[in-house]
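Sending over a structure as structure tokens; questions will come in a sec.
For reference, chains read A, B, C and D in written order, and residue numbers begin at 1 within each chain.
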Amino acid sequence: MTNAINLLVGLAMGLNLIALGSGRLPAIIRAMAVQGVVLGLMPPLMETHFDWMVTLVAVVTVAVKGFVIPGLLQRALRAANIEREVEPSIGFVPSLLLGAGGTIAAMALARVLPLLPEHAGSLLVPGSLASVLTGFVLLIGRSKAISQVCGYLILENGIYLFGLLLIRATPLLVEAGILLDLTVGVFVIGIIVDRIQRAFDSLDTRKLTVLRE
Amino acid sequence: MLAGGCLATGVVVGPRLARTWIGLTVTAAVAALGAAAVVLAGGTDWEWRSGFAVAGEPLHARLDAMSAIFLALVAVVGGASAVYSRGYWSDEGYPDSAPRGRRWLSAMVLAMVWVLLASNGLHFLIGWELFTVSAYFLVTLDRGERDARAAGWLYLAASHLGTLCLFAFFGLLAARTGSWELGPMRENTALAPLFWLALAGFAVKGGVFPAHVWLPSAHANAPSHVSALMSGVAIKMGIYGLVRFSGWLPVPAAAPWVVIGLGAVSAVLGIAFALVQNDLKRLLAYCSVENVGIILVGLGAAMLAATHGDGPWGRLALAGALLHVWNHGLAKSLLFFGAGSVLHATGTREITRLGGLWRAMPRTAGLFALGAVAICGLPPLNGFVGEWLVYLGLFDGATAGGRPAWGVAPAAIALATAGALALATFVKASAVVFLGAPRTKLAMDAHESGPWLWGPMLALAGLCATIGLAPFFFWPLVARAAGAWRPSAMAVEPLAPVATLGLANVVLALFFVGAAAWLWRRVHAEGPRPAPTWDCGYAAPTPRMQYTGGSFGGIAATWFSWALQIERTVHRPRGPFPVSASRVERVPESVLEWVVAPVAGLVMRASAAVRRLQHGRLQFYIVYLVAGLAGLGLLVLLEGNP
Amino acid sequence: MIPLLLILIPLAGAALAAVWPSERGRPWLLPAVGAVHCALCLWLLVNPPVVAPNAWWGFDPIARAVLPVVSLLFLACAAYAVSYLRVRTERRNRVFVASLLALLGLLSAGHQARHLGLLWITTEAVTLAAVPLLHFNGTSRAYEATWKYLLVGGTGIALSLLGSFCLGYASLHGGGTGDLTFTALMAQGAGLSRPWVLIAWVLLLAGYGTKMGLAPMHTWKPDAYGEAPGIVGALLAGGVTTVAFTAVLRVRAVVDAAGAGAVTGRTLVAIGLFSMLVAALFLLGTRDFKRMLAYSSVEHMGILVIGAALGRLGVWAALFHVWGNSLAKGALFLSAGNIRRAAGGRTVDDVSGMSAITPQSAAIFVTGMFAVTALPPFAPFFSELRVVRVALGSGHAPAAGMFLACLLFAFFGLTRVVFAIVDGRPKPAARGGDKRLRESAGVVIPPLLLLGLALWLGLATPEVLRDSWTAAVDQLFPTP
Amino acid sequence: MIAVVDFVLRLALWLVLAPLLPGLITKVKAWVAGRRGPPVLQLYYDLARLWRKSVVLSTLASPGFVAGPAVAWVAVLGAALLMPLGPAGGALSFKGDVLLLIYLLAVARFCTAWAALETGSAFEGMGAAREVSYAVLAEAALITAVLSLSVQTGSVTLATMLVPAAGAGAVLLAAGLFTVLLAENCRVPFDDPTTHLELTMIHEAMVLDHSGPPFAVILHGASLKLLLFALLLCQAVLPLGGLTPPVAAAVLAAGVLVVTVGVGLVESLLARLAFRRVPLLLTTAFLFCLFALLLAWRGGAV
């Protein structure tokens, strides 16, 4: 069971690196989407017995994170007809290195942190930390709104991963609410990206610097 | 209570019913004056507690001799400037701002009365702030005028600095004593350091020399009745605070020396700045700095005496200072009213553009001259009585010897210098403005001002003369107030033969008038032959040949050039037939321009640097977020593991 | 039951607004719901209900101490909104009204949430509900502001979620059940594992600090306040920030119970002073009078946090300040909105002499400015004085000194801008002639009422409020 | 009754004797220069003649132009009456009368300057400006001198405080007061009462436009002031305490004579100072008095 989880987490971490390394926006979106699906699959796996609530949550997550948001972003992408992330403020190689370094650091940190015995072996903590870091790198280092949204999503995925530590402790209602919020939030962001694309007809956030001081 | 009521209603009805308002204000003034007189004469404090709580603190008003002194001044000058404003800032002249002016005037006077009565730190602060703000709105009554706005803002900013010092002061006081109640707490020596905060806060309001930066422009640009109120009364509130809390709190050992030093410096430099001003009202404003200095010298002497064996001479100096509070308040308001009439009649405050006004406005000229004599502290008027008492205190201190002598003797010399400079200043001010020939068309077309204007001036002048000629009526009052400062066995009254002085003053006054009349009669016995001024042979002296105020003060100005930093731009005449030549002098606000401005510049540069961080780049905003996170983490890491 | 009504009625109202047919009728839902909500709140304020210790929701003392002011503020804004929306007929108001009502419901929920998870959910929901309000004007600037608000705020809120998880894990690791209700966490107290608690504290403070707008996480604030309508600004400054602040208070209580009180105190003072300093420096140079309000809000958040750092008395003063600040800020934002509309400009360079064009609003603006800069006898004066007094009394003299210095600079900046706008000669750009924009009773009375409340609060703080604050303090510091 | 007689006598004494001093000074100067010079009583003749003359009033002058000299004269006379005459004491003596005396002189200065500025003449303005400016230093020196006297006698009353210090103090004080006397009475080296180059004058420049009785009053006032300072100087440095009244009076008269002659000698031996050097000299006088004060402290109460 734990191995399966670890496998998935490892996959998610790999996807982080892809998102960091690739300059093509569709690739980033795809990586983010796949990661969403992967994360969506986890809760049912962790549950020993079938629980329709969990399944529902998982389905919703997979649907929204894996398909709705990516679709929305794809649409904005087509409308703005841009393909590549041009001149990122943190280059791809550096961000890749950052991500890799961050992953290793996360591993090391997870050893230091006082964890419960049953979590000691799991990749959840390092995975979540690595994803959070990746999210930040994307948010800071990319100039296209879309890649920043992806970064934000990956950040939240990381937090989601950490949340899985508590899945038994916290009541499902809360989990569900949190998930709902996240998804709605991302959804709203997607809408705003769409609006910005119309207002500025570009997704280059370096153009969004009218408001200052 | 009646006074409060009238003023409160004045705030409400003031804007609409001008006449009723004046009636109310004057009634209030009379009532307040009565209350003060009762307390001063009767010697029993008036105390009033009420269950009604404002801001969680029960109302508690106390009127003792000390606050009664100031209350009387507030009443007199407040009432006078209310009447004066009727003619000076009339509804016809200023339809939109006159009503506002009435409201704020009432509010300001009310707030000052509140400050004087409050015996609760919280209420004191409330009154203090209200008084400051209403004064701001009075200064900027003429909203269209850029100078007035700038001056008002400077005033507000400076006052706020002072207020925040008082925030800290009262906050600490309340924190240390555990309650907002004010009152004598001399035995609690832990409170001594607080005096520095009080000094800072009240000195700004009082316009003590280094902290006077706001004063000249505010007093010069305000409407004249407001200038009178601010210069005559408002700055006395700062004095009140100092006197009050130097009496109620224990003071640190160094405080008396600092106070007397500040006083001496203010006295000399203040009047030095006044001497070189070309703006009549600015000159008067700087003169206020000088007089505040004189008062502080008296207070400092009293504090010195109190900390060195409590010799009676300190009380003498303090009593003199308190009397000087009155004298300066009356005379300075009179002078500002006079300056207001001049401004009203000619439309300019520049001394160099005036001259020869006595012909057009004899009443104003006479009253202004009287005010000048009073403010110079010349016998037989009130100014002399006050300064004489201060001198007596200082001399007794010097003769008593001991360490205080090293403080009071230099102070006495400083006072003498300041007195002589004041004389020069006011000879210049009154003579250049009112005597000789009109220098410009403005001065030529001047006209005498109406009874609303000279009425209050006459009243104030009468008071100046009364205090000067019958000081023995007022002496017991101030003596009692000085006694209320810090209770002490010593009685001050016998220390100074005020009655004799009063007698001398009366005789002198009689002889002055007599001799003048006699000589006048002698001169006019056979008709004097009128002729143009014999200007050493110039056939037709032109007004431009008259000695200007600038050159009049020139000699003494050179002695203080280190402080005045006068900037001259000289354009010398060239060639045999020079076409043009000019010599422009500008007196900078030294402290403001050489000290405050650079500091402000630094702060503004820092602000600009910080504001550049808000550049609109989202990526960096998230960097800031991460940085904040990291910073907090670091902090916790350092604090967290013991 | 009633506490839930506080949440449900506005949400129902939002639903109703979403389906309400008429553009002109819809705005009237706002004052209606607001009035009901306000009435309920005040009723609960006067006779507080008993809250089960382990309940997830509840009108507990903290909610009682803060929620009523939010409700009052909303009522005023709602009353204002009716006239405002009548002026802004060119925009459809369906989404606007619905989101406003939803915002109210979620705010009530946020204040009443006694469960860390729920608290987070509601806060995030509030963030999202505010989005349509922010870009109501539909300009590109508005979208830019919304975008920044979303990403910065979202990142921050995400961090606070991580923090919540960490706190839960601290409970697990300390042998607890991982129950995230505050009562349970505080009960576990020292049982919580210290490192996780500290990590959680950092993350939560950063997260909810972002919502509060503490420097350096405040960057979204000026943009949002500058571009949103006055109502939204008022509600953000007076309502949303309050939720975040109560969140910080509740979390702090837990961390203190875990025995890290000293750490929390230090961090709070540090970030509070930093916020005040940054805000003061920004205020010194700001020229846009709506962004100015945002920085002033940052400054006041700093004051709140410093108060919260100073123990029982400090928290009491901070709660007092919440009331004073919300009311005064509300008045400021609303009157600023009027001036902004009539002036047709946003900076001191192209606005002046507004006292001639919008006399009442200008007067309210000036008075409100004096109120937030602690002019007695308005409430903020007393709360700030209390903060100073407590700070000086508890040996934080340097902090108090810096506090006062920041107040001074802020005062300089505010007065400079405000008087530049109010006094002087009106600029030709000002659209004073436009009848639609002339100030009507509907847009003048609400801010006036708010000011009046602030004044009344300062002059005579009602006993019931004092009690409620004391009760809240007792809840936060169970062992005095 | 006695008081009235005493008062009248004093008044007569001052009024009559005062104009003698300028005459003496001019006599001394003439003698030094080897000329016969005008008679000692010249000033009396001048005063009588002026009193009979009629007046030329500047068209610009206000009533103050006439009132000024009168008030100034009364002020100086009042100051003179406060000044004790050796054993006879002052007409009116009370604590702090010395301050009244100093301020009465200030009143006189105020009025003279005022009257000078009445006519709007540049030269009189110049003179007035110099008068009031140099008075600043002179007054500081004077108050310091008085301070030193009162410190060493522990009194602020003229009658009791005019007791000279022993030795250096007295010398310093004498030097200081003598300089102040020269300055206050507009004698060489501060001012030259005889020259007629207006630019170089202080006092004379101020009275250019006065004529007839007012001018007479001014001249008489000036002589009163000179006598006043001479007496102050003498009593500050001459130990009259132990002497019997007649002797004391004689000594006092002799002292005044010596001072007058001294002034005359100075006038004939020294040249007028350039105006920008005047402050220097006055500051020196001030320092003399200051040192006297310090000495008084060292020997005195401390």
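Definition applied: a contact is a pair of C-beta atoms (placed from the backbone, for glycine too) under 8 Å apart; a residue touches a chain by one contact, two chains touch by 3 or more.
The model shown is predicted, which means the values in this text are computed figures rather than measured ones.
Engineer: Based on C-beta pairs in contact, work out which chain pair has the most and send it over.
Structural biologist: So the chains sharing the most C-beta contacts are B-D.
Engineer: How many angstrom lie between the CA centroids of subunit C and subunit D, rounded to a whole number?
Structural biologist: From the centre of subunit C to the centre of subunit D is 78 Å.
Engineer: From the mean C-alpha coordinate of subunit A to that of subunit C, what's the distance rounded to whole Å?
Structural biologist: Spacing between the chain centres: roughly 31 Å.
Engineer: How many angstrom lie between the centres of subunit B and subunit D, each centre taken as the mean Cα position?
Structural biologist: Their C-alpha centroids are separated by 35 Å.
Engineer: Calculate how many whole Å lie between the centre of subunit A and the centre of subunit D, each centre taken as the average of the chain's C-alpha atoms.
Structural biologist: 100
Engineer: On subunit C, where are the residues touching two or more other chains?
Structural biologist: 147-148, 151, 155, 222, 282, 285-286
Engineer: Can you list the subunit D residues in contact with two or more other chains?
Structural biologist: There are none in subunit D.
Engineer: Which subunit A residues reach two or more other chains?
Structural biologist: Those would be 139, 148, 205, 208, 210-211, 213.
Engineer: So which chains end up touching which?
Structural biologist: So, checking each combination of chains, I get A-B, A-C, B-C, B-D as the touching pairs.
Engineer: Tell me, which parts of subunit B touch subunit D in their complex?
Structural biologist: 355-356, 358-359, 365, 369, 373, 376-379, 384, 388, 391-392, 395-396, 398-402, 405, 409, 412-413, 416-417, 419-421, 423-424, 427, 430-432, 434-437, 496-497, 500-501, 504, 507-508, 511-512, 515-516, 518-520, 522-523, 526-536, 541, 543, 545-547, 551-556, 559
Engineer: Show which residues of subunit B lie in contact with subunit C when the two form their complex.
Structural biologist: 53-56, 122, 125-126, 129-130, 133, 140, 143-144, 146, 149, 153, 156-157, 160-161, 164, 167-168, 170-172, 174-176, 603-604, 606-608, 610-611, 614, 618, 621-622, 624-625, 627-629, 632-633, 635-636, 639-640
Engineer: Which residues of subunit D touch subunit B in their complex?
Structural biologist: For this pair, the touching residues of subunit D are 54-60, 62-64, 66-67, 69-71, 73-75, 78, 92, 94-96, 99-100, 102-104, 106-107, 109-110, 113-114, 117-126, 128-130, 132-136, 138-140, 142-144, 147, 150-151, 154-156, 198, 208-209, 212-214, 217, 279, 293, 297, 300-302.
Engineer: Going by the contact rule set out above, which residues of subunit A touch subunit B in the complex?
Structural biologist: These residues of subunit A touch subunit B: 89, 136, 139-143, 148, 205-206, 208-213.
Engineer: How about subunit C: which of its residues touch subunit B in the complex?
Structural biologist: On the subunit C side, the touching residues are 147-148, 151-152, 155-156, 159, 194, 198, 201-203, 205-206, 209-210, 214-217, 219-220, 222, 260, 262-263, 266-267, 270-271, 278, 281-282, 284-286, 355, 370, 375-377, 381-382, 385, 388-390, 392-393, 400-401, 404, 407-409, 411-412, 415-416, 419, 423-425, 458-461.
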